[in-house]
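The letters A, B, C, D and E name the chains in turn, as written, and every chain counts its residues from 1.
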Amino acid sequence: MEFSASPVWFIALPLLAAFSAPLWTRWHLLDHLLFGVPLVLLILALGLFPTVHEAPLLETIVIAPPLGIHLHLDSASLLLVTLFCFAVTLVAAFLWLGATDSHLRGRRPFVLILLLLVGGNGLVLTGDLFNLYVFLEIAGVSAYVLSALRDDRPALEAGLKYLIIGSVAALFFLLAVVLVYLQTGQLNLAAVAREFAAIPPAMQGLIALLMLIGLGIKSELFPFNFWVPDVYRGSDPAVTALFSGLLVKAFLFVLVHLAVLIWADPAVARVWLMTLGALTLIVAELAALRQDDMRRMLAYSSLGQIGLIMLALGFFSETTTAGAFFHMINHTLVKLLLFLVAALLLRRCLSLRLEDLAGAARVSPLAAGLFVVGALGVLGLPPFGGFMSKLWMLQGFAEAQRIWPIALILFAALIEAGYYFRWIRVLYAPVAPAASADTKTTPEPWAAYAPLLLIAGLMLLLGVAPFLLETSVVEAAHALLDRDLTLQSVLGVAQ
Amino acid sequence: MNLILKLLFLAVSLTPALTLLTWGDGTLAWPLFGGFELLFELGPLSAFFLLLLALGTPLVALPMARGTPDRAAYGLFALLLLGMQMLLLAGDFLGLFIGWEVMTWSSYLLLIRSTRTTLEGAQTYILFNLASAFLLLAGMLVFYSLTGDFRIAPLTEASAAGRWAVFILLGLAFLIKVGALPLHRWIPLGYDQAPDLFSAVLAGLISKMGLYGLLLLPTLFPDALAGLSGRLLNGPAAGYGLAWIGAITAVVATFKAISQQDIKRLLAYSSIAQLGYVVTAIGVGSSLAVGGAIFQTLVHTLVKLLLFITFAGIVLQTGQRRFNDLGHLIDRMPMAFFAVLIGIIGLAGMPPLPGFAAKYLMFVGLIDARWLLLLAAMMLSSTAAFIYCYRLIYGPFLGHANSPEARTATEAPWSYLVPQVVLMGLLVLLGIFPGFAIEVIVDPVLMTLGLTPIGAPSWGELATPYGGYDGVVLMTVFGGAFVIVTALFWLARGQMRRAGSPYDLSFAGEVPTADTPLHYGAGMGRELRRIPLIGWILAHTTAGVQAGLTRQTLAAAGLLGGLYRRDPQTWTLLAVLVLVVASTLLALNGGWF
Amino acid sequence: MHVLLDSLAMIALCYVMGFLFQGFYRQFNARLQRRWGPSIWQNLYDNMKFLLKSETLIHGPMFFFGPMIIAAGAITTLLFVPFLKDSDWLQGVSTHGNLILIIYLLVVGPLGNALAVGSSGNPFGVMGVTRGLTRLMGLEVPFFLGLALVMLQHETTSVHAIMAAQDGIAHWNLITNPIAFAVILLPFIASQNASPFDVVGAPVEVYAGPRVEFGGRLLGVLMTQNMMMTIAKLVLVVDLFLGGASNVLELIAKAFALFLLTTAISAAFPRLKTEQTVDFFWKVPLGLAVLGVVLNVWLI
Amino acid sequence: MYHKSDCEGFQCEQRMLEANLGQDDAGLGVVERLIGWLRQRSLFVLAYGTGCGAIEMRPLMTSRFDAERFGIIGAATPRQADVLVISGYLAVKTLKRVIRSYEQMQEPKYVIALGSCTINGGMYWDSYNTIKCLDHYIPVDMYINGCMPRPEALIEGFTALQERIRRGEPGGYQRYRDNIDWYKANQRRVFGDNMPPAYTYDWYSEGAT
Amino acid sequence: MLEFLDSPSVLHGLHTIGSLTLFAVGLYGLLGKRHLLKVFISLALMELAVYLLFIALATTPGETAPILSDGLTAFVGMADPVPQALTLTAIVIGMAVLALGVSLAIRYHRLSASADIRTLADAKD
């Protein structure tokens, strides 16, 4: 049988692997597979780039669109899928190599992480509204359990909060889907896009609003993101790395994708999305100033970056969107790095609170150094990739003679610097760290640092040679923004 | 292993010199994205600043390489060098900014390696510097939106508002870096708290990058800023504001310097003041003034390296850094005494050292521009500088030893002495041959900036249309007079006797002891407060403003952070409320608005 | 050779004029106070007596070199001031210098001496030095601004050129630029360390100030340079405002006239405190100077 | 001498001191005579106002008597002074300061003592803490008698001192240097353990360099 | 007598009102009740309201089940099969989430002896 490089694999393979977990448990292959499955998918995704460069791949299931379900792999979704596979690979490597706590080893996390990957991949690949809802729930459920995985009080609180607010979000989204179906009789995204304009305006508005709120909660936009710090605080840092690096990106993509496809009038969407992005950015950065727990701080910082990406995506210009895609990649790398460093520090210093981490650079110099690299990357300071993507977005705004987002982004970056450098200063404070002085924890094996060093190297590489990703990012932006192209490739006709 | 590491480090510190010597005319391009490229080339302006780097870095690296190798510091220092060289070689704003940022954060990481840094100091340092960097970024983005290119090129066709925006943004960015008032607060904190040798780099080299930026402004706005908004008297009107900023900076910082109790803080404020002169001169924009500015940049680099390295040696030997705790080191550290002596002569701009040549050019430039009130302000600052210069040498070296360490100190290790000797030699040579510096160092830069070169009839002579002076003659006369007078006196000295004790003083018939408060260094300048203007200046700082700003920001942060501490029901309620309000609005508007 | 002879002549002339003028000053003051006063040669006697003292105490090498530096500074300064115009003699090396250089050279020596004072470790001496530097800060601003007005008027910093431009009594800067002269007059008195601005070395108040530790032959050197410096400054102002002089007699006459004026002013006022001095200079002469700048630069 | 009727008490001593004033200076070269003449023409006075005589120094210096016409003028610090004027009785406490000041003066230096108190204690002859005979502690070059001497007498004394300087007579400082051990022993008898530190005087013993 | 109820618009209206009421009840529970189980029940109620709305509005009276069988060879007069399929899926998902939530709540109760949603808000660092 000939192997066909189909997008289905991105969903099917992890699903299969996850459901046959008992088998792997018996064969002691969990760690290897958790690392291997996303790695295989990553290689597959990389191999698909030339194909997708020619034309988007369309994988129909049973019936051709608009009636059937289909997976739509264009440059944008391929880029994100690659990113997700990479993120999961890295986290898996970290869990495998890093002598992790027991609750992060074994069958449960194996299944859940792979399901999370399924959910993320499905969200960006699917071309069907209801399918979108299903993947949203898959991703959501696995995320709820993942955040409660440690099974102590903070983790359960985080899981419960996440579950409640996530269910509300899913409910809103489901309502929107129902209304769309009732109005248009269609669930295929392209078909819905074609017919959405025919709906009465008030109903259009209601549907858009419901989707915006549902996905806004999921993708952590400002007035709906109050749950984020609590959940990130309660969960394991290695898990939050996935939330911040994978899950949010997927929802963000879905939100913008829907906005492009459904909201026919980009001017209106631009106002809404940019406003939300700007609010998220500035509020999160300000709120992060006073956080004394590293996970909370990283959560707020993550929110700020999401706002930034939203601001750039919402501008719907090809340059800023390309920059935003690039920034998604960089942000994923950076947040993986920072959360995994946080995981190491947590294990070493037994706490992630500011006062307990004072002088932590003395006991784990490499982790502190990597935190510095991560902070520089997230602040967008050269020579790391974050700078290039930020510059790309800013240059897009400058090209369009739009000054206020530039001012806002730079101001927010300054505030961000205010708290990140506070943490750096604390890590390097000239005092002996409080907790680790008496705890005789063994130093981490070097292998635990390998994924982190890889990330740092990649960040540096992307900062020095951003042209490596240029074509894929620009094509992704093109694919995301060009509504007609999508419609044509799905439905076979231009609108 | 350690030796190899140290040798490697020293080799790295020689890279600016190598770059300067081997670069030639070539350009180097590195693609980024979207057709943008980083372009590196070596113009005379960059070459001048690269020369400063090439001089300064090995001299600082030598004492840094002493003792057990500090790997992290070496690495960061190498990064810092990389950043500064990128910044200088960059032919476009992108490279400039990248170099600028690399320099900023690597210097920050070097700064916090000192055990003396406080959270406030470190935060002030990095936030001011990042504010400067982001202003630079904003300026270059505005520039880009006007021209569609990041190349550093004259900005002639843009609208007046656009050009002013670029001028103000870039000007602010660079003024923060040189520490112009009221954006100077990071300098005293940073220079004071940095590792002692790194302070030399901060004051001598990193602050010069701000000047490099300011000197780029005449490149962007040709005709020495006059293209921006016409002329005022004989100078550019846009530069007039810049010049006043510089002059006020110089005056206020000088008085602040006088009132400091800590050597390094004093040097920091003096650095602010000295760079204030340069800002003023750049504002004047004529070839004389800019020539003076470049000369002053050179001299200030040498002087500040010399002083900071010397005082680093003193701190190393005594562990004391306040005027109150030192004293009478002249017998114990004569080399350091001479270094500081030469340093303060250069700092005060006294003949025959080159500081005077620089000041002379700036003064003449101001007279030429007919901006005499600025001249008065500069004169005020440079005479008031005598007081802190005197304090700088009196406090540690003269008077009486005030701590056990000061009584038993010995000369600093040779790795500190070698840079001191080299820098002293350079300063003296430049003082004798100001014409050499003009012709070889200053004139090429002036020509790049589109100004007429000053020229020099001979190496010893400094010549301007307003008259000049001859460094060789000056040095010969002064040296000759000194030798002759001393010789004559020595021949007819009669019975000369050295006092048996430092406490053998005429003290109204009393016999002072070690407990008598004899060291006037601590209180020096105290009576200056009684002069109304100075009293007013010394009574006001920007610390309160900064603290207030921090407080307000943190209060806002607390307020917003409070939003995030509710239960899921509140979050849901909020989402529902948004839905209800927005749909009501929609319904009222009858559609999507 | 010519330069050497010329320099020696200048130094000698300065010295002679110096003790005579200061002798006159003491006589003048004594007569004002209804005393006979010392002989006009008294300063010579004093100076010689100190130079011939048999014992000298020093506080270390820097203490010894300080007076040497100040003497060398004084000699350098006066050699850079042209004494005559249109003459080969009494020029020193003035063609190689300029006005701004001279203004700075005036300070070099005192600062060198300040090192010696600090080296002695006597707090009164350092207090005096600080007061001196503070006064310098006060006086230099209007002084320099007044001279800058002259430099601006002639668009040169060369003393020769400024002298040459004043080729008749109507072209004296005193006549053409009276504000500049008015501005510099009081700072000039202060720079001569004359009353009412002589708080720096006030004998009773700060125990002779900077000179507190100097005695014997070192004090003799200090007195010598002081006399020479007085004359060098006088000649400089004569050059700048009174058109210079063509021969020695004219020079002495003009310098004496100027000296008489400053002496009269000195004798008439009581001593000011340091901060009063500075405040005064920053109000009255500087205000006048700003007026002069406005007139010269903006209105004319 | 003390038995002659034309003088009594310290007047005889004074006369003895003044006895050879009229004589010509013998055996001096031109240079020494010039030096002597210049020295006597300029006397800087450190007036130590220990007693009531201090009040007589003011008229001496001011318009009425104008000592400046003789080249006599006040000095602020001992380093610059040639003449130390002890203007009255000395307590133990002030003696210490006087000795310190005297030792800080640069040679050639002279001491003029005013009033009877410095000669024999005067009206304080039986006081428990007053120095009776100043000459035992520092070498006095010239006593000016009276209680207190008027400025005219002071001028008389100064001119007498000037005459001696002119003739190049060795001053009291020579005596002090030669007999330092005796003087110090006397001082020590008064001060006990309260002597100034050794560095203030031990250079005397090392001799001239 | 109640035939008018069979007219699609009335029926749809009633269903809409009913499901909205149900939704409102659920919303009230979600926002107002403190016990975690009640909150989950409220969430389930809201979901049910959505399903009801979906099914009800996608069907008109008189339609038959969408099964091709004897005599029925064309898609005529059949109810739209998609909403039913979707609702079934959604019910399964909702069920799973509910079960998960309840299990988490039980574990939470065991650990903290509390099932009050407000105590969740007191999460301290």
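Quick notes on this structure:
The definition used in the following text is that a contact is a pair of C-beta atoms (placed from the backbone, for glycine too) under 8 Å apart; a residue touches a chain by one contact, two chains touch by 3 or more.
Computed from a predicted model, the values in this text were never measured in an experiment.
Within the contact network of the assembly, the step distance from chain B to chain D comes to 1.
Between the contact lists of chain A and chain B, the overlap consists of E. Taken together, chain B and chain E share the touching chains A. A centroid comparison over C-alpha atoms places D as the chain most distant from chain E. Comparing each chain's Cα centroid with the centroid of every protein Cα atom identifies chain B as the most central. Between the chain pairs B-C and A-E, more C-beta pairs are in contact across B-C. With centres taken as mean Cα positions, chain D sits 99 Å from chain A. Work out the mean CA point of chain A and of chain E, and you get 30 Å between them. The centroid of the Cα atoms in chain C and the matching centroid in chain D are 37 Å apart. Rounded to a whole number, the gap between the C-alpha centres of chain D and chain E is 120 angstrom.
Each of the following residues of chain C touches two or more other chains: 53-57, 207, 212-213, 216.
In chain B, the residues that touch at least two other chains are 495-497, 503-504, 506, 508, 566-568, 570, 572. Residue positions 160-161, 164, 168, 230 of chain A are each in touch with at least two other chains. Every pair of chains meeting the contact definition is listed here: A-B, A-E, B-C, B-D, B-E, C-D. Those residues of chain E that touch chain A in the shared complex are 30, 36, 39, 43, 46-47, 50, 53-54, 57-58, 80, 82-83, 86, 89-90, 93, 96-97, 100-101, 104-105, 107-108, 111-112, 117, 120, 123, 125. Residues 51, 53-60, 62, 64-65, 67-69, 71-73, 75-76, 79-80, 93, 96-101, 104-105, 107-108, 111, 114-115, 118-123, 126-127, 129-131, 133-134, 136-138, 140-141, 144-145, 148-149, 151-152, 155-158, 161, 207, 212-213, 216-217, 221, 274-275, 278-279, 282, 286, 289-290, 293, 296-298 of chain C touch chain B in their complex. Those residues of chain A that touch chain E in the complex are listed here as 130, 133-134, 137, 140-141, 144-145, 148, 151-154, 156-161, 163-164, 167-168, 170-171, 174-175, 178, 181-182, 185, 187, 230, 233-234, 292-293, 296, 353. Put simply, chain D touches chain B in their complex at residues 77-79, 96-98, 100-101, 104, 107, 196-197, 199-200, 202-203, 208-209. Those residues of chain D whose C-beta lies close enough to touch chain C in the complex are 35, 38-39, 41-42, 44, 62-63, 66, 68-69, 71, 73-80, 82, 104-108.
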